[in-house]
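Next come two complexes, and both contain chain A; in the first it sits with chain B, in the second with chain C.
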Partner chain A sequence: MWKAILSPDFFGTILRSATPILFATLAASIAAKSGITNMALEGIMLFSALFGVIFSSFTHSAGLGLLLTVIVGGLIGAILAFFVLNLKTDEILAAIAINLTATGGTVLLLLAYSGDRGVSSSVRSVSAPNITIPLIEKIPFIGQILSGQNVLTWLSLLAVLVMHLFLYKTPLGLSIRSVGENKDAAESVGINSRKVQYIALIISGALAAMGGFYLSGGYMNMFTKDMSGGRGFIALAASSMGGNTPVGGFFVSLLFGLAQALANVMQLTAVMPYEIILMVPYLTTLIGLGVYYYSQKKKKERLSGK
Partner chain B sequence: MENQAVLQMNHIMKIYGNGVVANEDVSLELRKGEIHALLGENGAGKSTLMKVLFGIESPDQGELILNGAPVTIKSPQDAISKGIGMVHQHFMLVPSLSVAENIILGVAPRRGIFIDMDKAVESAQNIAKEYNFDINVKDKVEEIPVGIKQKVEILKALYRGAEILILDEPTAVLTPQETDELFIQLMKLREKGHTIIFISHKLDEIKKICDRATIMRSGRSMGTYEVADITTQEMSKLMVGREVSLTFEKNDQQLTEQVLLKVRNLTVNNSQGVLKVDDLSFDIKGGEILGIAGVEGNGQTELIDALTGLNKKYKGIIEIKGKDIAHSSISDIRSMNLSHIPEDRMTSGCAKNLSIQENLFSNQYKKHRYSGKLMLKRKAIEKRSDELIQEFLIKCRSRKQNVGMLSGGNIQKVIVAREFSTCPDIIIANQPTRGIDVGAAAFIRQRLLEFRDAGCAVILVSADLTEIFSLSDRLAVMYKGKFAGFFNDAAHVTEDELGQHMLGIKRDEVLEGVLYE
Partner chain C sequence: MNNAKRFNALRTVLSVLIALAISFVIIFMVSEQPVEAIKYLLVGPLTSKRNMGNVIESMIPLIFTGTGVCIMFSANQINLSGEGAFHVGGLIASCVAINMSARVVSPIAALFCAGIVGAVFTAIPAVMKITTTADEMVSSLMINYLALYFGNYMLNNVIGDPKASAASYKLTEASKLPVLFDGTRVHFGIIIAIAVAILGYIFLYRTKIGYELRLTGENEEFAKYSGISIVKVILISQLLGGFVAGLGGGVEMLSPIYARFTWTSLLGYGWDAIIICTLSKKNPLYTPFAALFLAYLRTGASIMARRTDVTLEIVQITQGIIILLVVAEQFLSRYKHKLIAKEAKAALKEEEAA
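Now for the complex of A and B:
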């Protein structure tokens, strides 16, 4: 088992498993930075996994499929924003509604589109390609990890960088962080907080959509019902543990990728029943949150006791 | 041109949706390069007038003339673009951002799609230097002290080109040293031609740095005066005054032998560590009303929180009927027959989504009379509720109506009914009639007097001087956590005298008759 864990393949698996969580974590971060908990990520990912399959088969292009899926993701983000910001719906309730709609809606839409029940086996979708970059490929070990990764994995790494620059170096990023931290202060200097939060939620939806697209067009090559598997919720925990920053979220996502990859390896070695192994990512979330908030609490106590 | 008016607010009238007349025909004229004090008690209408000027509220009547031309100010942004800046009492800063980022927030200099951070830091530094503000603009706001935060707020306004600066009680949060420093800065701003509106009720500060003062009372302007030509006594007289005289038939006093509440050397710091109650000692016997007057924020809230057990972090001794309450829970204290009418009826007085009946019994539902081993005794509770609703004249559809649906006066009556129905020996009433209709107020006051006659000890904290005068037997004035004055016979105190104590002009060192020893 250890041999399997220390191989470049295993690290490659970590990256592959981390990709959808990373997208969703970035999505959770930008929403959190603007002051909103985007609990609809799970539903947005699930919708996007389905629409990714449908759009790519319809356009015969992974690129166009991704683009359309991202637009739909942004749209769902905007719908959430409309409920929360215009109608003053509780953000958790609005998100639950979207998530429930996704659970049933995706199965229904798939059935209507292709006649498939729960698994898109008859839809000829186009997956995003894996890419090898000649120069990187030659680096020992690391080259083997990175080489042949899906284009969306590369995109997710790029997204960490772009998000970091966006949040910390651009005027709009500054506005988002200000609105999330002190809405009154932001509004007192003329920032339209509603507009800023709309933008943040649309970006959040778009990022989650990329994660969803990856699930059915990269990680796997088809849509299966409920395939988001709680990643949208795990991402909320990951984002929070990463301090809602893109870079922090990236490292925590890797941790969850590790948990997922471990689960995969353990399935092969059959040390434990399959069902228990499936719990690993979720247990990691629970334990991770516990450890993180316990350390935060201790830190706070230390600071206030000073 | 000297004495040129930069801003005139003429005959401003503002009536809020709930019918409160906050400003009634108020006029204010600002001259270029002056520090103009806006003086008045809490609720006198200062804030409303400034909200009108800053575009937060629109006036129902009246006009604004800025630099000779009539204007309407629709929003704070509008006000900022017209050169009006406001430093709010609660800072409008984003804690995790740097000083420079806060200053440029919303108007960030750009380089391409990015913020030009170098330029931002540079221009923040420049403006700090221009006005002699000693600030490191790269510091994070959450790490700097309050005095500096205020400077950042002022710089923020100046960066946006403010010619007129509104400072809302700027010294309320500052230490004396920080206050002195602020004053030096303000005088420099005046030299540079800025006009400053200085909202305050601290007369010594106004004397120190203001040129003119407009005094407000109960939504009206009491006139504008040259600060040099008016004494602090005259200012306090204009500021504090009673509206209508209320007289109650007060029976002769019959004091009990026992001291019901004894306080010795009580010292309380608030959660920020600021000293709010400073070595306070007093006694109260049954059969008297001790009135506590004072401008809000001088430690009254903290005093009451300590007396009622809401705050246990105090130094000194509080004894109820001879028993030290340092380790007594709130319910222990209440079981000593102490009743408390809290200051804020909506947040701590009632549960607004529960029914009148449920609120009436929230302090006694555990009593054997109303509760069995497992279930509440519904019949007994319903019967008593109806009795209380009748007795206290609570206007409602039924006892099942939610308290939040009632008018302010009726909500207060529910609270008072609950607190009075337990046959208290000590009543602590904090602002018992604030914001309620005249009828309900008179009713509550009458009941307080009845309890006094029955041998109950009453502590009455009120901002309503009429109420304080007409009910109190003994009268204390709180100023900066101490009793600045104490009067054994409230009937012989003049408003003038009271006002001077409230504003700290007069402070008695030796207080006679505070203790019964």
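Now for the complex of A and C:
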């Protein structure tokens, strides 16, 4: 078993399984930074997984397919923003409504588009390619891990960096964070909080859409019913555990990838019943959440001199 | 107040109608026999005794989880573990029902265990929130998956019948709930469900602790300063809500629908409960009506899916739209404003006259 765990393949699996969660975690954190819990990530990912297949088969191009999917993701983010900000809908209930619509809507749309029930078996979609970068490939071990990863995995790593710079080094990032910290204070210095939250939710939707596209056009090469499988929810937990920062979220996503990869290896070696291993990521988050919040609470108490 | 209530009812009805209208448009777009499909959707459940029975029978789990979520949400705790509580409730009830065959005692024991396990289950996110301030919504989402995989583990390793695939040993006849009407599967659970809804109403709206709970839900700070123990309120509401959801899982398991425990995925009643809770405005008394509506819609949809080319999933879209419109506070707000202004003017006139 140890041999399997220490192989570059194993680390590659971690990255592969972490990719969709990482995208969704970044999506959760930008929404959270603007002060909104985006629980609709699950539904947006599911919709995007389907639209990824439809658009890439329609345009015969993974790139165009991804672009269109990301636009749809942003659009769903905007719809969520419209209901939450304009119509004053409870953000959790609005998200639940979007998730429900996604569960039914994807099956219905797939049936209408191709006549397939639940699995897009008759659609010829185009998956995002795996790429190897010549120089990095030569680095021992690390090169083996990174080479041949999907282009979207690379993109997700890049997105961590871009999101970090965006949130902490640009004026718009500052606006987003200040609206999330204190809406009224931000308004008082002339920030249009509604506009800022709209932008944050649109970006959040677009990021989740990349995660969704990866599910059906990278991780797998077709759409199956309910394929987001709770990753949007995991992302909320991961983001929260990572303090809603892109870098923190990145490490927690890797933890999820690790648990998934471990589950794969242990399933083969049968040390434990696999149902127990499948529990590991959720149990890890649950404990992680408790520990993280507890330490935050203690820190606050210390600072306030209690 | 009267006008505001009437407005709420009107808005709910209007939301439902708009959602149905949108669904009809979708049916017209995707189906080659749209009129047939809509006919089956709307009147299908009334066409036979068995279909009507199906409506009643599918109301039962919805009333349970709906009431449970009403109690949990009334304290403003967005605890989404009702889904998992239902699952473990069904699991434990089947464990008991497989091993006990005493008449009357066996179902009561199974249901009691289901309730207790459900209560403990939903209390976990609540206890985490109290001790560590971890967000109950996120932790409850995670814990649902633990319930699912634990159920799968039990099914495959402990209660699984080696002769059946992905099913437990048979539940004993003595522990099943009796059928009420011949020719249907409507069972004793409907009586328990309605009793639970009424008790839930009495608890939330007619007792001191229920009042404290709702006050905490409305304004936690205010409740704190009025001397209400928030910790107590959170714990009681989550324990009770989980008990009801777990009980619902148990009742569903002991119903004539199942002979063995076969749940290998989450059934979604916890999410449905949120629709029920939204439609009934967090009042358990209205949950049977909301459940009737949803059950009717679903039974109609499954008849439609069997007879025509429209899939069952269209209902999920209808449900999504209904939630969005019902909870969109600004939807029809201008009309509401007018109504309130009219009422105020009338009150002023009366005052002048007096």
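The definition used in the following text is that the second predicted complex is superposed on the first by the 301 of 306 C-alpha atoms of A that agree within 3 Å, B and C clash if a C-alpha of one lies under 4 Å from a C-alpha of the other, contacts with A are read in each partner's own complex, and residues count from 1 in each chain.
The rule is simple: contacts are C-beta pairs under 8 Å (C-beta built on N, C-alpha and C of every residue); 3 or more make two chains touch, one makes a residue touch a chain.
Keep in mind it's a predicted model, so treat the numbers as computed, not measured.
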| item | value |
| --- | --- |
| Three-chain arrangement built on chain A, chain B and chain C clash or fit | fit |
| First (chain B), second (chain C), both or neither touched by A:E301 | neither |
| Angular separation of chain B and chain C about chain A, which is computed from CA centres of the superposed model and rounded to the nearest 10 ° | 70 |
| Partner chain in contact with A:K169 - chain B first, chain C second, else both or neither | first |
| Per-residue touch tally on chain A - higher for chain B or for chain C | C |
| Touched partner set for A:R177, first chain B, second chain C, both or neither | first |
| Which superposed partner A:L236 touches (first chain B, second chain C, both, neither) | second |
| Touching partner for A:S188 - first (chain B), second (chain C), both, neither | first |
| Minimum C-alpha spacing, chains overlaid - chain B and chain C, in Å | 5 |
| Doubly contacted residues of chain A, that is, touched by chain B and again by chain C | none |
| Chain C residues within the chain A interface of the complex | 26, 29-30, 78, 128, 131-135, 137-139, 141-143, 145-146, 149-150, 152-153, 156-157, 271, 274-275, 278, 311, 313-317, 319-321, 323-324, 327-331 |
| Chain A to chain C touching residues, read off their complex | 37, 39, 83, 86-90, 92-94, 96-101, 103-105, 107-108, 111-112, 117, 230, 233-234, 236-237, 240, 273, 275-276, 278-279, 282-283, 285-286, 289-294, 296-297 |
| Contact set on chain B toward chain A in their complex | 76-77, 80, 88, 91-97, 101-102, 105-108, 110, 113-115, 117, 156, 160 |
| Residues of chain A defined as touching chain B within the complex | 165, 169-171, 174-175, 177-178, 181-182, 184-191 |
